[in-house]
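First chain A sits with chain B, and in the next complex the same chain sits with chain C.
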Partner chain A sequence: MKLTTLLMSATAMTVAGSAIAEEMTIVSWGGAYSNSQLKAYHEPYSEKTGVTIINDDSSAEAVAKLRAMNEAGNVTWDVVDVVAADAIRLCDEGLALEIDADTQLAAAPDGTPASEDFGDLIVSDCFIPQIVYSTTFGYRTDMVPDGVEPPSEICSVFDLETYPGKRALEKRPINNMEWALLCDGVAKEDVYDVLETEEGQDQALAKLDTIKGDVIWWSAGADTPQLLADGEIFMGSTYNGRLFSVIEEQNQPVAIMWDAQVFDLDGWIIPTGLSPEREARALDYIMFATDTQRLADQAKYISYGPARLSSAPLVGTHAELGIEMAPHMPTDPANAANTFLYNYEFWADYRDDIDAKFQAWLAQ
Partner chain B sequence: MTTPISRKPLSMVVPTVAVAGAFLGLFVGTANGSGLMGVVIGAALMGALAFALTTLWGNESASRWSVVALLGALGFLLGSIPGLILGLLAGWFFGWFIFWLFEGRYRGHLQPYLTSGQVFWHYAFRVICGAIFVFLITPILVVIPLSFNAQDFFTFTPEMLRFDPAGYSLKHYEDFFTNNEWQRSFQNSLIIAPIATLISVSLGTLAAIGLSQSHVPGKRAIMAMLISPMIVPLIISATGMFFFYSQIGNFLEGTVGMSKNLVGYIKVILAHAVLGVPFVIITVTATLVGFDRSLTRAAANMGADPVTTFFKVQMPLILPGVISGGLFAFITSFDEVVVVLFVGSASQKTLPWQMFTGLREQISPTILAVATILVVISIALLTTIELLRRRSERLRGMSPA
Partner chain C sequence: MADTTANGPVLAADGTPLKQSLARSLRRQKMRALMLIAPLLVFVLLSFIFPIASMLFRSVENGIVQDTLPETVAALQQWDEQSGELPDEEVYAAFIRDMIIAVDNKEHTRLGSRLNYEETGMSSMFRRSGRAIGRLDPVEDAPFKEALIDIHDGWGEVGTWQTIKTHAVPLTNGYFLNAVDMQRTVDGAQAQPESKQILITLFGRTLQMSLIITGACILLGYPIAWLLANLRMRTANLLMILVLLPFWTSLLVRTSAWKVMLQQQGVINDTLVWLGLVDDAARLVIINNQIGTIIAMTHILLPFMILPMYSVMQTIPPSYTRAAKSLGATNWTAFWRVYFPQSVPGIGAGSILVFILAIGYYITPEIVGGTKGVFISNRIAYHISSSLNWGLAAALGTILLAAVLILYWAYDRIVGIDNVKLGG
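And then the complex of A and B:
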């Protein structure tokens, strides 16, 4: 009897309690990245509005989960952090809300409308750009053979003679196919023309074949840093922010090889099917979290470039280490001497075919 | 019982010691780059050692100490301090092992009439059992030192291997106790698991008692249905539950007007209760087999109504089954990650969920710290229950001691 009373009063308290505190669920990638968002966006926003923000580290399966939620008519997410390619897919399927940059996003401090401030980075009507990140290689400085220059160009990934040791590559064709072609004598501007053809795809796979025995395939962003820290691999591709954390925050003997880094975008979408008040709150959050100062603030915690032009001059020093962040940004001129921009259109058209081919090749 | 022992021929001692040496060499060699070389060197070294100590020297205690010193020194050369410790342990073992075989002591406590094959199997069986224990326990033990890593990786750093205090830290424990995400998920687990357990124990016990009555029609079919959550692959149940509970959730939120958060808890708790019920039914049914039905009739005869009979007579007797069923239900809910990922939303994030996403997105030793804490809690829980059980047995005079 007593227990029942207790449970009922507890329930009543929960109901009452949750009616007061507003909550919103924000989905992101976890790790150091979520942490940077927590510090730069969530905490100031909670302070300003009193809304409690709950983190859900589910961005990796955002597309599948949003589809399921939509089908079940029960969308529990308010704002979702996705890569641009996923945002394009979600937008096409009607699962993400279309945003009018100029009215629904904050203008730059000097009055430049958001659509100009973000510029080309608004790759979809539903996508609110947040950061520019790159996929690039890190290598163990203590495993460079004696008398050899440290690797400085992309083709050293395929050069097992000069740089022996295992490599970590992502378990998907994107980026790997491009790098393989570049190092097989294809000019940078021709890479996607070649990759469109069957022969071109075979050529890339044949080049990857030359190092296949020495490759460890990764699927989560945390894999390569762990493998580098273990000394299990000589070099591996991963996101540049993860490498920054390994080098500067964890003091591992690792360095970045920026050559042929591939730029990609990450940003917010708001799911469709929210109740009007939740949608209004999500829009309010987006307006706050993607203004010039907030985007520049995020760069204090992680080495990803802010997506607004107007944020770049405001990027300062790391919040804890006190080091200048600008030279660690993938967009820094010294790092960006030779870069690739993720080709959304190409991969939207060819991803399924090349994926199948790549997986079949992996299984051989 | 003692069997007279006698010295054994070298043709048996040396190869056996060499095999053990090869086994040790396999691990040492693998750690140093070549397993095959390790096997060869280990076998040769240990075989030669066995031969030399037993035939040439013969002074047992001096020989044993010299093996300890030799392997300790080798271990130190290969792996500094941890190597030294492992080397000393290996030396102690081999010193003992060589003379144990050579003097024939291994037959000492066995029946004299056993054949060599039976003696061999007697010890092989123990080795196999030991190996099973090693495979069960080592993965759990490895986690514990790694959780004190001063770095943010799942790696034994050189500082840790040198036992340098700078290589160790409590920062991952601190992270667990101060990080909001971990605290929230820990609290959620502590809310969800007990309530789900309470529901599954009540429903499961009632179901088991009902199904043990002789007059219930279609007993087997009902039983099969109740147990089905245990048999259907979890991922399938979870997918089904996702759509089923979404509708219920929409109804509770939209029509009844409950808050989103509360509805989320209700969904996860109900889903976990469903998963826990089969365990309770099975354990309680098993206990009911030994329950004497005439006791309930006697109680009824003395004027007790069925409810009183249940609480005063039946429940105390089947309590062990109920408790162990409840324990299984609790662990099921506490460990469960698939269903909660589908049914729950982030506000109901439980500890396994947080560990799962943490492992995928950021390999942080905080997960290991949490795992260590959970291992300690589980051991404490099981020890307490075992002690309570012994105490109640002693009080009831059931224990032969």
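And then the complex of A and C:
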């Protein structure tokens, strides 16, 4: 083993003359999102270190694939981009490396340690936050009935009389159950206490029942933008970045209703079971890619808010469209008047249970 | 040549009995043949049979509870789970000793996830308690019963310990019970609450819709296959390309194209409204339901029906139908009594192919199936990739495999598998 490495590096040295060609595989979601990471993180990192970065758009199946790789004893990924809920699951299963924020992540330019700069967003010991995104509603402005104000609060989703037309909701209980309870008179701070009980779950499903006949259920993030663009639905939930591209890049008559948007996090994990050299390189990449400037840079290419407090003032204009990005961020004060934070611990416990009920309800 | 003696056995040139010599040379030939296919055999065994078998084994494998909490499981044997009382200090102390080791190896959260499939709330209980328990000393901090209940109320509930004891078996039927809408409880196998029963419905729906799709493929594919087999070579080749063209297009592209066609603001509805056949306010709902799934899957699976039918029909000599007609049969009789029976093997092969493929589909139903057009495979995919409940996914998969094998066996009994032909 050692001999081969030695021989290989010797060959590489003679061929390249200087540095050893290094490669790392980074897994992400693909599309515009991966592109923003390529521009903001990968390219500057490659330039700085000479490491070649290979993209793999497998984040949607990352949890299952990581488990399979781990069982096979052959982890081929170095850094993986996952949503926070998946990071918690991977951490629980022992598939992700625990990170000490203060020693393994860069401090803010003013010296604030990373753990304070990220704050509550470090929802798991293994999770390195990157962006804040939100799941919120977009609606077609040309389908708002005459003489009616455009929808501005979450309960208009359930108001078929004032706002007739189809809705698109995600084919899973998360978010939908919370919105249903909010619009059924449950106070925001009580939502998860109510949802813990059998009666609370039935209450939420009963509320969803009132619009069930007018809902198209989506499972891929691209569904709602397509349904909105085709005029198939009046309003639908999706990720705010998708709505940004429908509105600003494709110029569709669509607007965002930010009320009761649900904040969620996306970030990095490093798989366990890497060789020491690969682990060191992955940690080096993470240190670089999640510093204050890099996180702010990503917002030039996509409308997701940087996860560091210190990055917010550095957010500038879109690299191609030239528009100010701050007002399009879910975290912008004007948009964040009424928000909802995804309760990770609750859903880690109740997801399978409520999902079974939700699917049975859907099939009725 | 063999020497023959008056009444002894026939001998080969070297003096051994011919029978023996022949057997030896045949054995050598067999060995040689086996050596030739050995690489394939090993490949199939390693890359196909072994992974499937090990995946299926997960449907009963359940060593995790005993491996993570060995002392607790042993101590729980003395506890009467029906008594309604909490286990005594001995169990709690054993649990603390097990957990300290588990927390060290970071295995307690994994066990929490496993038990959370059975009892909601276990996942956070193990995660939250882990840190506090890791700080305890297994000797000095005794007694543990009160201390543990202080850490999390859940440890003071009888149900928690009942769950641990019920699922502390190395081989479990729990996943299979879950797969048929039941659960393994302290009181034996029980039905799931009605609000959570979904899997049996989905199994039934999967079989029913796969049959409908197979039927639709037969109806649409038969005339096309007949045309292909009976047209002039040039025209037939052109038609064949049209049949194969969808094969070269990505499955996702074809499914998404159906979305554009079938949705309410889609091509079909627009055309119907333009023709005045459908009112603008009452556009047809032909996607995001069973109809959408059936249309899209029939289209996608049609080539798998046409190709075997075509290859069988090509071998039917046209002279047979001509002979029937010359003997006075009508066109229908000639087709039904002479041509059709000879084409049955093609229908059989196509049907088995389409049905088995249909049963395992999940991307197409997920995209166009809405809520009523999804299959059991969609749940299997959920449990593989989202909930990580691979045991349940394996149990569902095993049941699906068994159902296909039973149907295959039934087909063999009724039609006869020798009657299936994939080609000339």
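As a working rule, the second predicted complex is superposed on the first by the 343 of 364 C-alpha atoms of A that agree within 3 Å, B and C clash if a C-alpha of one lies under 4 Å from a C-alpha of the other, contacts with A are read in each partner's own complex, and residues count from 1 in each chain.
As a working rule, a contact is a pair of C-beta atoms (placed from the backbone, for glycine too) under 8 Å apart; a residue touches a chain by one contact, two chains touch by 3 or more.
Everything quoted here is computed from the prediction, not taken from an experiment.
In this superposed model built on chain A, chain B and chain C take up the same space, so to speak, and clash.
In the superposition on chain A, A:Gly94 makes contact with chain C only, not with chain B.
With both structures placed on the common chain, the touch criterion links A:Asp230 to chain B and to chain C.
Of the two partner chains, neither chain B nor chain C is touched by A:Arg294. Of the two partner chains, chain B is the only one touched by A:Asp56; chain C is not.
In the superposition on chain A, contact of A:Asp353 is made with chain C only, not with chain B. Of the two partner chains placed around the shared chain by superposition, chain B is the only one that A:Thr76 touches, whereas chain C remains out of contact.
Shared-chain residue A:Gly31: touches chain B; no touch with chain C.
With both structures placed on the common chain, the touch criterion links A:His318 to neither chain B nor chain C.
For chain C, the stretch among 2-10, 254-262 or 272-280 that collides with chain B in the superposed model is 272-280. Touching of chain A by both chain B and chain C, each in its own complex, is seen for residues 60, 220, 226, 230. On chain B, the positions that touch chain A within their shared complex are 151-155, 181, 184, 195, 242-243, 246-247, 249-250, 258-262, 264-265, 345-347, 349, 357-364. Here chain A touches chain B in the complex through residues 7, 11, 14-15, 18-19, 23, 25, 27, 29-32, 34, 54-58, 60, 68-69, 71-74, 76-77, 220-223, 225-226, 229-230, 249-250, going by the rule given at the top. Of all residues in chain C, only 106-107, 109-110, 112-113, 116-117, 120-124, 127, 192, 195-198, 201-202, 259-260, 263-266, 288, 366-367, 370-372, 374, 379, 382, 384-390 touch chain A in the complex they form. Contacts from chain A toward chain C in the complex involve residues 60-61, 63-64, 67, 89, 91-94, 171, 202, 216-217, 219-220, 226-227, 230-232, 345, 348-353, 355-357, 359-363.
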